[in-house]
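Chain nomenclature is as follows: A, B, C and D, assigned in order of appearance, with residue numbering initiated at 1 for each chain independently.
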């Protein structure tokens, strides 16, 4: 199945809203770190329901936020959820961004980067569209150190990139981005039941759930265009 | 009083250790974000007891960490606490760094930057010594939004710079640094007593203490040299 | 989509400028609701559907069934 | 201080290289415990005390009372 087919289905099933709710727990903390100034143009890559772009507009008074997604249905849903005329959507693929060189101040991406067919090429595309000094905030829950995420590949037909922390930094640098920061952003909001509730349907042991959410959390890597 | 006199006194009174203990609550989270690679050279500006540099060496296998401080007594204490031959100390002033251009991979500074006599000049010095892509992690508890810190100036003879978030970002950019991140790092470790313990000696209301530590916390601004 | 988006959009294949054809605007005249974006270099045509430009490379784009 | 530190140290005033004079080493011969760093350009002299180089600009440096 293609990205378009797979995620059009997700959008039709309303999974965009479920992701928004779960991802917000950590995404909001990473979004709050972004050095967006009034008047900046921000790109949300793999925007899903578009919640991150809307939050950026509300918080920073960015002059425009564009959500790019490979699934037309995702962008249609996102547009439906959006009142703000300064927020727009584009159907496009991570591998060949339809934006001019140096045209974007900051790029955000949550739980989407690893779907890129060629992640190295996608990083080069990001470095190309960013203006000098622009940042790429790349947030992922699917990564090597998060062993709990490894099984996700079995549920999806698209091949996912599973890098570890070091590979993220190295790939950013190979694409010409400086690495400014790497961090695990914990999810402190998901409810972790008391020990006697375990095993649950999803978790054998409480310690595993604590490790997954409170310690590993979301891996954030921040790149800066030279 | 000069920086040397003021902080030599602090060092003699053992206040370096007290600061280390308090500052570690937030410093460790910011240190953990730094993109230091094995073999990098890191500078700790205003190192005090030197705990941050030692932690960087232990965590990242940096090839060398240098603690710079304007107080000879502080560096002497720091050297006493240090076994690691790859960690060294230098007495020097923020305003005229004794390091060659592009000689440092990353600069760290906790609760020290605002003592610089001319903070703009200090930022230019930092931009000068950093190699392209090197980062400056600047962490402060004394800043405009943290109203609880304003009274500190009354207790010290050195004039302190009290910028707000925007001023930090703007000054970094004026000095030619890209701004990659800005964040409030909460102190989740300091014990906040139950409501009925208030007023305490230091705090009128529990809400104020919560705001100071859990919300405002330490202001972190990350710059990247072009 | 707003016309201002055109300033930064480009052809995903060769990164050349796009030209707007057959544009239909909303009642306020602020949003382009339908039309075609045409690459000024390679001539590739990209549809605007429901106000959202589809700039997938042609081999990844499939026509939405009617 | 280690000799390797000399590779990146410079005169705080004019940023020129420093030369090591009158160096005393520890028993292992690995650490410089005393000596003077001299600017190759302006000739300003900076002491190494207890193994720690004092590179404060001269007007900020005061001799530690004996």
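We adopt the following convention: a contact is a pair of C-beta atoms (placed from the backbone, for glycine too) under 8 Å apart; a residue touches a chain by one contact, two chains touch by 3 or more.
Which protein is which chain? UniProt says A, B = Methyltransferase type 11; C, D = Trm112 family protein.
If you're wondering where the values come from, they're calculated on a predicted model, not measured in any experiment.
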Chains touching both chain B and chain D, listed by label: none
Centroid distance [mean C-alpha coordinates] between chain D and chain C, Å: 65
Centroid spacing, where centroids are CA-atom means, of chain A and chain D in whole angstrom: 50
Computed distance of Cα centres, chain B from chain A, in Å: 31
All chain pairs that touch each other: A-B, A-C, B-D
Chain D residues within the chain B interface of the complex: 1-2, 4-5, 7-13, 15, 30-31, 49-57, 60, 62, 64
Contact footprint of chain C on chain A as seen in their complex: 2-4, 41, 64, 66, 70, 72, 75-76, 79, 85, 88-93, 95-101, 103-104
Footprint of chain A on chain B - complex, ascending: 32-35, 37, 132-133, 135, 169, 178-183, 222, 224, 226
